[in-house]
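Alright, structures below, take your time with them.
Look for chain A in each of the two complexes below; its partner is chain B in the first and chain C in the second.
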Partner chain A sequence: MQSTPRRAAVIGGNRIPFARANGRYARASNLDMLTTTLDGLVARFGLAGERLGEVVAGAVLKHSRDFNLTREAVLGSRLAPSTPAYDVQQACGTGLEAAILVANKIALGQIESGVAGGVDTASDAPIAVNEDLRKVLVAINGAKTVQQRLKLLAKLRPGQIVPDIPRNSEPRTGLSMGEHAAITAKEWGVSREAQDELAAASHRNLAAAYERGFLDDLVTPYLGLTRDDNLRPDSSVEKLAKLGPVFGKQLGDEATMTAGNSTPLTDGAALALLGSDEWAAEHKLPVLAHFVDAETAAVDYVHGRDGLLTAPVYAVPRLLERNGLTLQDFDFYEIHEAFASTVLATLKAWEDVEFAKDRLGLDAPLGPIDRSRLNVTGSSLAAGHPFAATGGRIVATLAKLVHEKGTGEGGRKARGLISICAAGGQGVVAILEAA
Partner chain B sequence: MSTDRFRDLSNTALAGRLGVPRVPLLRRYEPGQALLPGPALVTSVGAGRFAKPIAALVEESGQHVVDEVGDQKLAAVVVDLTAAVALDDLAAARAILTPAVRKLAPSGRLLLLGPEPAEASARSGVEAAATAQALDGLVRTIAKELRAGATANLLVVAADAPPAAVDSSVRFFLSARSAYVDGQVVRVGVPVGSPRDPAAMDSPTAPEKPLAGRVAVVTGAARGIGAAIADTLARDGATLVVVDVPAAGENLAKVANRTGGTALQLDITAVDAPERLVAHLTQRHGRVDLLVHNAGITRDKLLANMDPDRWNAVLNVNLRAQLRITEALLADGTLLQDGSRIVCVSSQSGIGGNRGQANYVASKAGIIGMVRALAPVVAERGVTINAVAPGFIETEMTARMPVGTREAGRRVNSLRQGGLPVDVAETIGWLGQAESGGVNGHVVRVCGQSMLGA
Partner chain C sequence: MIGLYAKAAVGAVLPGRARSLPGTVLERSVTPEVGHLADYARVCGFPLGDRLPPTFPHVLAFPLQIELMAARSFPLPLPGLVHVANRITVHRAVALGEQLDLRVRAERFAAHPRGAQVDLVAEVSVGGDRVWDGRSTYLARGAQAPTGLAGELPDLPEVDGPAAAVWRVPADTGRRYAAVSGDVNPIHLNPVTAKAFGFPRAIAHGMWTAARALAALQGRIPDAATYEVGFRKPLLLPSTVELVTEQAKEGWDLAVRNRKGAVHLVGTVR
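Take a look at the complex of A and B:
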């Protein structure tokens, strides 16, 4: 790998507790949540009035009024209004991709500091008019006289007034993400028990992290919510086993994916603060980790053999190779839990000899990971997953984890791997290392 | 915050005609406000060494000083009685004070300076000690007799204290910042730490920012009195680190951002709280000039019904956390420096006791014990530690009281009203100045001279 002039530092982060859709944040907009989260970050790091290099964030579900969402959030925040901002969108990869963009600019010396992350609301999702109604409304708008308008209005039929609510489905397959995940789960023979175990561990780990104060400087309460309300500290494999399947139901008895081992629709926002080491030192801010490298992959899930959420399976080997690392060289693995089965299928693919040869073009599989290093403070199954917010949550969490650990085997700096799958058959992965 | 409707009504013309006693509207500090709104009488009985510098201080602030009572209303009356040794000196004081109190303007300030009874006794005998002690009762009585928001307080000055030692205290007691501090006796000694040049510290170019350049930590700052302390210290120039439990983080972030400070979400009772606070301060600031232990809770029950959970919860937040955090900061050795100040929020209940609050009272009295014990220890590093004991302060806490208790709490003091969070904050701001090193190991009540616990 070519040496970069410098590595971006991860200084910290802030998120609001994630709330299940149509619940506590039902009346909050993307802009409300992003602005509040930004202000929480400003408060934590004393950045009131400060001009940052840039703020980069995005949302997957956006109203048309949100066209300049991140810039509007900056203008509504305590940051200096001279802080530039722009939106990005790469489905569930949005937050991490934003962090990569900011980290790269910092590495190149183009900026000294930046904020990256995202926000999503499934409660205040943009509801559009259906295509028929849109045509009529456009015509009404173009009509010259009141009579013409009334005439057009009179033509409206009830069927035309049904709103178009955004669906969590792939435009090219018509299948929901869960249905896609169910196909992959079946393909890899991921058992119901293994999924429930992973889900229970996520809840247990996140609850323990809250208890030991790990989230004290990562989360700021919002609208009276102080912890993620999807979190079930008393979750157990036994309780999860009682739930009926919600995806892959056509598999009958073999259906494995339930509401307990899939992430619910969630509202929330998360941001990470990045900067150069010099900027951090000048502002007397801690450097928790350095952004080492990142990789994005995409798969042809429409016509090819790959599953919708399997792109990280390809991205990670490429990232490892470029950095001369093996999959076992990490102290922490943050694999986004879109569904428990996605995480487990990903791990199986990395362990599979055939898959390594045929599909990854490797002589040997990446091999197994030490499961005690996986999502040690919980992940999306417990916290919830406001699509674009997940990357910011994970970057700040992992930076804190490697910082706490300091050094790994043989005294090398503690290291962590992030892997996030995204709609459209994409996957964003990255490496952080303790500072 | 609950509003004092009776005070507002009592100030209407109708109330005046009906003879309802008027609840005075207290003059409070606003940025840019002059030290005094009118002329001051500054005088002494005998050869007091403070009258002259105080007169100069008042004149420097732009206000006129007189040495005799005339026709004019007086915004302040300052009598230096530090040289008083005999009953004749007391009679002379009476001769000054009787016409002076009649001329004292609304929200006027009466400030006496006197000797320490023990020192007076050693130097000049028993009559001097009696004279000195008489001032204590005198000032408390004047405070009770004054009307229209005027206050009376006494500075007991050690014989070896240099004149400049009283400056920050004189400024505080003359200004509107001390609106709700009434009938108090404050001892001023030789300032701890290396000698300070008041002119350099209280920069004449920024007299409005007596805390400029100082780093202040306030616990329990998300709301109530703590939030007011943060706002007030920031107004006076301090850089704030505001601390509160993670669950209060939403408000805490707002306080941090409006004061330009930083928010630290931390439960001060957590096992690693002292360590985390020290690490945070070391990383972000490398020092702390003012530590305000304000966080506090109540879990009321009669002692007969007190369970260990209620007892421990209150003692842990209100006292144990203060002990542990102070200890950790002292052990650290670098953060608290010469000129640093610690102020603990106690309570008048901690002095007088309160039915149904055995746990709370024990914690608040314990704070006073801690302050007195630590004062000589921290003084060796140039650090002071003091407590403020608020009386009835209008907050969410008092707004939730039953009406009867609340009305009683409000009226049983010489100013006939509850204080505001800012009144506690102003007092902490005064004790937090580097220049206030002469006050150490003291408990200052902010209670409008409440009868409770007096």
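Take a look at the complex of A and C:
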């Protein structure tokens, strides 16, 4: 084993186009999409029959049949069946957390290669039986005599047929993610115009990235879809301005969050390939970037003062300090667009003097970023956001971006920051650097 | 399709059946739909991907097979024909979205130890390039081939190792496969209709068993391969059966057997 940690290399990635829910991938399961995406990665990097160190992925919306999902995907793929795999789940942070786990094992010399990412379907979502019905069914299953079973069957009531459909709401607050984001948007005075501008830029940037072929070696078509079907290349601030609010409606005229500046429910999968430099060289594969460091934070959004999606605001300063960097030392910022307002509130928090002192415990705020470096090939507002797939999408995208740029200011290696907010008041952030 | 079976049943008792194979070649162009593929994949255990499962074109060609066999010009009565062997060659992976040109004809009408056998041959091309071949061998018990020509049946290895998997095959498997394949032969649908044809219960479609076995080798076989199977004892529904797989020199040998050792299917992938 290595005595000092090395840096894991990001070699590339593969994803399927993201599809709006109940559309093109309505018939595809998590396992279908994850296996397809893994096989696409295997084909792209010539890994058929290879035993990798591990494959780590997850899904946020899971059926009970999705038990051991990632291992099942490996067994159905062209990777050697001797490749271990496990599932992780950290809501929207799943894909990036998976990459951190793989990168850390590579850094420690425990493995030489790994795949990280995730998958989600909002179409093929698990629908559970009503909780009262489930209790009766469990009891019937455990009953020993016919009489016991009949007695339990007599307890069934028509109302129990109503199924439990998963909702996009926080168990402890009962508010949807959008409602939480609306509170934060109001708190930071994020304007409707600024949100619509960010959304339009996301569509514009992703469309341009497709046009210049940037996604050619990142995306493999699936079920007839070749591009993310949420992408509106002709999106504009004017068009977005016509949409009515969907979150924070109780704010009346002050409601700012629309279907256009919030991410839609989407289906898809994304994976990134990591390895040691030596492993990449042995397999004649390029090293696009190195995984520098990562940090995870969490906030008390239930009883405390922080918003549900604001944990990255805390994670980034800690990550910067540990690495001796400032927020301005980056060539690219990949801030996951759960909602346009989330990105903008995060940036405002980093610029705020009082917030820096009172909440982050810093002498000075992190300061503004060069907005032309933000989500330069689009982000979740345009591509969509199949929850656990977003991290894999961003890791592969950013690795390619820093690789293309090569060097940044003063001849240093090009560097990028990833920031992903997640349900449960969590945030996962990481730094990649050109190889 | 049920109409064709009914027509064929009537035809079977009428005199005037042809004595040799018709020269008919039936053609059809089809672009498979995601919904049909998804249904088929679910029933047979394949993942829903962009490459068609190797056994899927068989169900696309099947209506043409039935049309050819139900015609008066076909020398053997369709009801009672038993699928005894099947060979599929995938020349290259076929992608969802490609337009497939199908051609079906009959050949090799020959003697079988228990009657006569005939091959229904399907060819699938994309833009003039052959991508897939299928050969389904059917037996007509007690029938006579026009010449003394002895039919060929594949010589398949008998694998007899430990079970790789145990499948619990539910009673509705025949109905579910009928819905995705169009093969509504009553022997597969329910016990009552199966009894009318001499089976104690409904039996699984041979091509379902073949597809389910191939699906179990997902990820382990190349895009281009030949999959050959021989159908043995009918798989009565419902059943619990075992899949046996053995890595061979250039592919896989496999078998599906019941828990008492009776063999339902033997096959090879090369």
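Simple rule for what comes next: the second predicted complex is superposed on the first by the 416 of 435 C-alpha atoms of A that agree within 3 Å, B and C clash if a C-alpha of one lies under 4 Å from a C-alpha of the other, contacts with A are read in each partner's own complex, and residues count from 1 in each chain.
As a working rule, a residue touches a chain if its C-beta (ideal position, glycine included) is under 8 Å from a C-beta of that chain, and two chains touch if they have at least 3 such contacts.
Predicted model, so just to flag it, every value in this text is computed and none were measured.
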Taking chain A as the common reference for superposition, should the pair chain B and chain C be classed as clashing or as fitting? clash
So, A:286: does it touch chain B (first), chain C (second), both, or neither? first
Would you mind checking which one, chain B or chain C, touches more residues on chain A? B
Check the residue A:32 against both partner chains and state whether it touches chain B (first), chain C (second), both, or neither. second
Classify the contacts of A:136 with the two partner chains as first (chain B alone), second (chain C alone), both, or neither. neither
Quick check for you: in the superposed arrangement, does A:226 touch first (chain B), second (chain C), both or neither? first
Tell me which partner A:75 touches in the superposition: chain B (first), chain C (second), both or neither. second
After the superposition on A, what does A:44 contact: first (chain B), second (chain C), both or neither? first
Quick one: which of 73-81, 109-117, 127-135 or 235-243 on chain C sits on top of chain B after the fit? 127-135
Can you give me the overlap between the chain B contact set and the chain C contact set on chain A? 39, 78, 221-224
Contact residues on chain A for chain B in the complex? 39-40, 42-46, 48-49, 78, 213, 215-217, 219-224, 226, 284-286
Quick one: which bits of chain B touch chain A in the complex? Just the residue numbers, please. 246-250, 252-254, 256-257, 260-267, 270, 272, 276, 283-286
Which positions of chain A touch chain C when the two form their complex? 24, 27-29, 31-32, 35-36, 39, 75-79, 81, 221-224
Which residues of chain C touch chain A in the complex? 34-35, 38, 47-50, 96-97, 218-220
